[in-house]
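Order as written gives the chain letters A, B, C, D, E and F; numbering starts at 1 within each chain.
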Amino acid sequence: MNDGSGFSVKDPLLTPRFAGHISFFRLPVTEDPAGVDIAVCGVPFDGGVGNRNGARLGPRQIRELSVNAVKPYHPISNSSPFQRCRFADLGDAPVNPIDLGHSLELIEGFYRRIHAAGALPLTAGGDHLVPLPILRVIARDRPVGLVHLDAHADTFDHFFDARFRYNHGTTFRRAAEEGLIDPKRTIQIGIRGPRFGPDDLGFSLRSGMRVVTIEEFFELGLARVIDEIARVAGDGPTYVSIDVDALDAVYVPGTGAPEIGGFGPREAIAMIRGLAGLELVGADVVEVSPPLDSGGGTARIAAVLMFELAEVMADTRLARRVPGR
Amino acid sequence: MNDGSGFSVKDPLLTPRFAGHISFFRLPVTEDPAGVDIAVCGVPFDGGVGNRNGARLGPRQIRELSVNAVKPYHPISNSSPFQRCRFADLGDAPVNPIDLGHSLELIEGFYRRIHAAGALPLTAGGDHLVPLPILRVIARDRPVGLVHLDAHADTFDHFFDARFRYNHGTTFRRAAEEGLIDPKRTIQIGIRGPRFGPDDLGFSLRSGMRVVTIEEFFELGLARVIDEIARVAGDGPTYVSIDVDALDAVYVPGTGAPEIGGFGPREAIAMIRGLAGLELVGADVVEVSPPLDSGGGTARIAAVLMFELAEVMADTRLARRVPGR
Amino acid sequence: MNDGSGFSVKDPLLTPRFAGHISFFRLPVTEDPAGVDIAVCGVPFDGGVGNRNGARLGPRQIRELSVNAVKPYHPISNSSPFQRCRFADLGDAPVNPIDLGHSLELIEGFYRRIHAAGALPLTAGGDHLVPLPILRVIARDRPVGLVHLDAHADTFDHFFDARFRYNHGTTFRRAAEEGLIDPKRTIQIGIRGPRFGPDDLGFSLRSGMRVVTIEEFFELGLARVIDEIARVAGDGPTYVSIDVDALDAVYVPGTGAPEIGGFGPREAIAMIRGLAGLELVGADVVEVSPPLDSGGGTARIAAVLMFELAEVMADTRLARRVPGR
Amino acid sequence: MNDGSGFSVKDPLLTPRFAGHISFFRLPVTEDPAGVDIAVCGVPFDGGVGNRNGARLGPRQIRELSVNAVKPYHPISNSSPFQRCRFADLGDAPVNPIDLGHSLELIEGFYRRIHAAGALPLTAGGDHLVPLPILRVIARDRPVGLVHLDAHADTFDHFFDARFRYNHGTTFRRAAEEGLIDPKRTIQIGIRGPRFGPDDLGFSLRSGMRVVTIEEFFELGLARVIDEIARVAGDGPTYVSIDVDALDAVYVPGTGAPEIGGFGPREAIAMIRGLAGLELVGADVVEVSPPLDSGGGTARIAAVLMFELAEVMADTRLARRVPGR
Amino acid sequence: MNDGSGFSVKDPLLTPRFAGHISFFRLPVTEDPAGVDIAVCGVPFDGGVGNRNGARLGPRQIRELSVNAVKPYHPISNSSPFQRCRFADLGDAPVNPIDLGHSLELIEGFYRRIHAAGALPLTAGGDHLVPLPILRVIARDRPVGLVHLDAHADTFDHFFDARFRYNHGTTFRRAAEEGLIDPKRTIQIGIRGPRFGPDDLGFSLRSGMRVVTIEEFFELGLARVIDEIARVAGDGPTYVSIDVDALDAVYVPGTGAPEIGGFGPREAIAMIRGLAGLELVGADVVEVSPPLDSGGGTARIAAVLMFELAEVMADTRLARRVPGR
Amino acid sequence: MNDGSGFSVKDPLLTPRFAGHISFFRLPVTEDPAGVDIAVCGVPFDGGVGNRNGARLGPRQIRELSVNAVKPYHPISNSSPFQRCRFADLGDAPVNPIDLGHSLELIEGFYRRIHAAGALPLTAGGDHLVPLPILRVIARDRPVGLVHLDAHADTFDHFFDARFRYNHGTTFRRAAEEGLIDPKRTIQIGIRGPRFGPDDLGFSLRSGMRVVTIEEFFELGLARVIDEIARVAGDGPTYVSIDVDALDAVYVPGTGAPEIGGFGPREAIAMIRGLAGLELVGADVVEVSPPLDSGGGTARIAAVLMFELAEVMADTRLARRVPGR
């Protein structure tokens, strides 16, 4: 399980999965992104949550489940992404739990170093504001496409009054306004549930995002949704952002705003596998709140989705890795 | 979010959903049904439960989740039933937790005032005996049709000996015998699981009720089940009664008699939306037992199903509202 | 509910299901297998678990749920297997919780008495090593077919080093090597999730077992999977072994190695019902770990699956019961 | 561990405590009280509960914990009460969960058989109405003394209106009125917490009961409270009734009306041990509600208190056992 | 239970405690503080928490428990504070969950109206930053004394860097610096546990606060601690602030930073009762985090402590109520 | 917080305690014991448990709580043991979860390296068999004294039959027989609860160990128990072994065999602090079973007890550190 480069994972058949130190997927831990292809990291921040919080504890819990619930080989390729590519656990971004603005700066700084080293980030949140500082780093030069699984569109303008424009419900409006994502190459999947008002989806629709409500999801069927993702994202760099509340509430009790009536992990996995061929530049799984997650089932799902993202990102990375690195 | 009549809900984008007093859907609280179109209320009674109890704590928990989990706009109509109609939270029916017969009287009295004022009741139980005193009020003049989602038919004659004829497993036999429901216009959906004996469904079948077992449900498929509901209920006043154990046990751990192998919230929501066009005279969601519901997932589902019922009842009510009111 | 032979169950309409002593399905308790058709028993052993344990507490919890959650009549036959056949609760096999080898001997001795009396065993585990000593008894004379529902193939050679060949991940390799199961008549259904390495399924495939991964399961669809089970098992004696982690993790939080993305209880029930016609010689449901099972949902599913196995085993047993017994 | 009379318990060093069938303390199970000195039994009834219910599930949970948490030898006598006396598990009294009056009759009938056989009852509740039908049997001939540990005096006249005189808050007023207990020989210990009104303790005080509030308990200290129990109960037959909510809420989350600020299990055990020398005619531990008891800690305490009661009752019984039995 | 002024609570012997709408102690709900003696209210804010959050959900949970766990009469006075004084539930202060500074302004505004009406505030938090805006209102004119029960002194200067001076660990340093509390009349009780560094208590000690560590608490004994509280607070207006983590962690699992080895609810209650005679101008109970509180035990304790505070504040208020009001 | 030698801990005021990688007390992680004074490590093994297991998951959970619940400075010395001495997290001993004998070898090998490097081990279990292989390393040359806090004496000869001599209930009998501990310098504190038979304490008493039952503990009082510990252990090397079930069950739900009626964390901390002056050569805290520990309270206590042990071991180590190291 060692590719000779120092990027290896411990063999769970020799060291039981309940023993030893914890890192994402038992990857080597480093603070130095040099030579890393894919940087797995956490952002323990939930200051953007308007309702039930606790997602600041997410990265720790997902790490734990990534060790307990995930083995290194993928069942379809029957090979390990951690052998095909150089993965490492870069730790958690610094945050200031009592200040949102300061946290955005700290997070952006953390990802700047990763990006400068040429590594692609794979992130465990934290709340859904987390992608904004990441996109400010990796999409600084040109807007990226976005594949967004979520029960909510997160394109509000503000909560409370117009001074409060940064929170987990406004991320992708800000991202579009700042030119970080291209609405025409953005697809939002799984949107459902009661709304605050008649314009909850207004910005998404007016800006040209493709919104697949849960009703349309089940009408189209999984295969056609996967085709639609590929069609919308098209060529060009694409970011993937998965709010675990995209899944039906029964699978993800451990999140701030669960919504019933969604799809399940099988559909989520299939959609991630369907990303093969896209040019992925980063991905995240967010909004896991351990205090609300009796039994750890939500973090388990997040850990497996991150593994599936690792598998597909490994291929993207390999296809584009500069020869000689 | 205010229709000018005093029937408004608080804006969750201004007041966080975890703050403020609790009422169903944040509706205004009143003890006076005058001018109310749809009266949302609770019946904290579980004296009819032969197995695991706790449903007396249901109304309080469903109220809580209706505030935390439900926003005011419906995703299909993109409008709010609470604006289209005058909804209010009428509080809980009085009950006597140590006497079943007294409780039936108290509950009936509570609904008589609501009915007299012309409001349609939307009820959170409580156990499944709760619909009986409600039907004694709203179906006093003529039998109504019944759309009944449940894992169990609830048409037993008695438990123990023949003296004990009123409990949560005999409700719809009593209702049929008392001429409150029309068996020919009654459909029971989701029936499944091991039985006490060979005649568990006997009364339902002999009296002419349409019984859709879970096996038939999956054979027919959702669309044809929805058609069948409309066909059986037909024209004429119809009551809707949803035992949360109609859903698969994984979605509703917080109920006294969960049964595995049922449908999910998506199917339940679809069936409720399919009621549009019927003449609904009342509805309930029952058998949520919070002490058995780690995480609150069962109450969340009940709250959303009540919201979906509110949406479809609003249309019924509008279509039939006497001009001038 | 009494067939006149002393093999009866208590009527849950007279004695509430939360009262009285506990036995599997409220069956009579005996230590003497004489005259018993189907012996329901437990094996409270989890010494073969390499990861999260606790399954030693499974039989007790499944017994509890079999009383609370299961009634005696089957919804399809509308008759009770406990009337058609003589069932009894034979108690738990003796085990030595601190010694794996000693436990295998003790368990084998326990089943030898049951087998000698002509009873078919229906077992609640314990971990997935439990079937090995059972098969050593009932398949001593000739290999049996195997219907195996599981997320994992359990055909590893060893964990740690080659001295440690007996654990819950090597059971069916040992069983094949010892000539207890016929790989050509073995079907493994629901296999999925990340793997330890590229050869996790190697023994299964090379020895000729039919492996239906979860991806193939959903491609084929339930009906064709059921056909495939019948085709592979064919004629001849067949054993059924169900690891509850075959089901999606959301249904079975209370197991040591839950895997997301599996099928649900509906599919499991349908596959068991599809076994009608096979010559069943025994069955088990294993890997229920109550300390990991908040709410008891996992044990509930195990209890119902055991009831469905009881129904189909009753028919097998009746078809082959020696006249005069 | 066998006294040669068939009244033995299984050796937990040979059979693990998590295996085997469940009975109180692993005692032999019988429906026939003949020859039994002390009859351990359950009353799965909670129809008298005015607030949070679930105590109907108590006997089952206490049995389970009595097997898991209690071994057969007492640490002070270093002998086993189960060897000194003939104990048996007589099962659960029949109840009608939907009718309070019928349940009182059924329970009384159950205890009449036990009393007629000369056995002393040791009971697991159920709610605190349960002692009333027991006292109607064992105190029919003359009032008994009462040692009553509880946070609440349970001497109300009625809840709701004067028709509803039988519930878990009126038991000892009814018992006094019916001449079943002698108020002068009654001591209530641990009374505390906010009250419904100024007369909550009125009946207790006026009738001459000795009320030791929690404030007095801590002022007197444990040793003097134990003296006071002996002084009040004096000579003559005495019944012991322990509501688990007598203990501080932190120890007993699993009860309907926990009160903070009480004593702990150490004090409860010491008071029971202090009963040695009294003429005990029966005892109960009530108000354990498993659905409210995450972790089972409340049932564990109840099981140990029942064991301590068994130890002290064994001595009473031996001292008075008719020679030749 | 009605003093004729409209300030009454519902009788829990008529309406079960699990039914009806929820307010603190079932007090009347109003937004208008006119005529109110003591204003019970909540502050659902936890933006000042540097570690595990969730206290924003505290007011709702404490309200719920105040209804379920607290009756209206006090066991020592045998009278109801709610009859002696005019109490009302003023609802929750507005907050902005994503902005700390804005929240401080909103909270201060809310209390300004209460203070202007002459009512004393009794508050359920929220985190321990909550007292700061309250003190800015009620101690604006002169510093008040402070009785502070807590495991932590909360007198840090800042977390992270010097820009971040407002959080739940700096409250009482800010309060002292702003002249809101008089350090010489401040007593901090229950301080314990590992420290961040050698100067954790530096500001408290240097400014003259009386710090009673848990070690000193147990050395002195409860009675002398109560004397010490009275001595330090002396005459003059005094505020009481109780962080539930003052209690031993076993009693308060539902808080962000539980510390083992503290006192229990009995001691907390005794200290509150010992405040009689002081001139209380307000009080709070903070840091209840429901997502961390399995079973609701922490909120129950908070509710009872608030009731005990209500009792003692009622006397303060009566003693000083302007004649004629 | 850095002593210049690379042995530092992260500042929790800069990096929130919920962020970053996990090690015991945030100590540096290393596999090389060279230069380490005190080696903190885990043994994730529970194969010696005869009843409810899960303690194999203990080290991971205690690490987690040591980060969340423990800060680096001690409240009495007001200095940090981690500055005074060189501490490191050496990781977990290798174990074979399916073989007890193999595990004992693996664990012994792990500690041999630590001992050879001159470091004192501070261990998180695992079950109570874990001290045996540790003592085989550190007491190889001469028997050590033992301070043993536990509800059970753990000096049985065997469970089942005489072949099975190694499990968590025989550890200290084996240790005495192997000459690893000196019974005359051994004190066992907190022993209580029902017993398997009359000889449960036989070996302890006959071999000369000082047994302080819980009854004697409370009679003597804390101060005299602490004196007794010092008297018995005397001069000479001493090992400390703490089974968390020494504490009252209410504090430690997360352990296999909780016993009610014990002392609390305050007493445990005081006894550890009372060890100052002894020559400590190692210590452990064992039997934390996370699957049984809802809320994490048991692991929190274990983490704090380990911190208190670290404080007192640091002084021992400093007093005896060879000059020049």
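Note that in this section contacts are C-beta pairs under 8 Å (C-beta built on N, C-alpha and C of every residue); 3 or more make two chains touch, one makes a residue touch a chain.
Predicted model, so just to flag it, every value in this text is computed and none were measured.
Chain E and chain F touch with mostly distinct residues; of the residue numbers seen at this interface, under half occur in both copies.
In this assembly, C is the chain whose CA centroid lies farthest from the centroid of chain E.
Matched by residue number, over half of the contacts between the chains of A-C recur in the interface of B-C, chosen from A-F, B-C or C-D.
Ranking all chains by how far their C-alpha centres lie from the centre of chain B, first place goes to F.
Centre-to-centre separation between chain D and chain E, using Cα means, comes to 39 Å. The set of chain A residues touching two or more other chains comprises 14, 16, 18, 50-52, 56-57, 97, 159-160, 250, 292, 294.
Every pair of chains that touch is listed here: A-B, A-C, A-E, A-F, B-C, B-D, B-E, C-D, C-F, D-E, D-F, E-F.
Listed in rising order, the residues of chain E touching chain F in the complex are 50-52, 156, 159-160, 192-198, 200, 213-215, 218, 248-250, 253, 257-261, 292, 294. Partner chain C is touched in their complex by these residues of chain A: 1, 11-14, 16-18, 68-76, 78-79, 250-251, 264-266, 269, 294-295, 297, 300-301, 304, 307. On the side of chain F, the complex with chain C involves touching residues 46-54, 56-57, 96-100, 102, 159-160, 163-164, 166-167, 289, 291-292.
Residues 14-16, 18-23, 29, 42, 44, 56-57, 59-60, 64, 89, 91-92, 94-95, 97 of chain D touch chain C in their complex.
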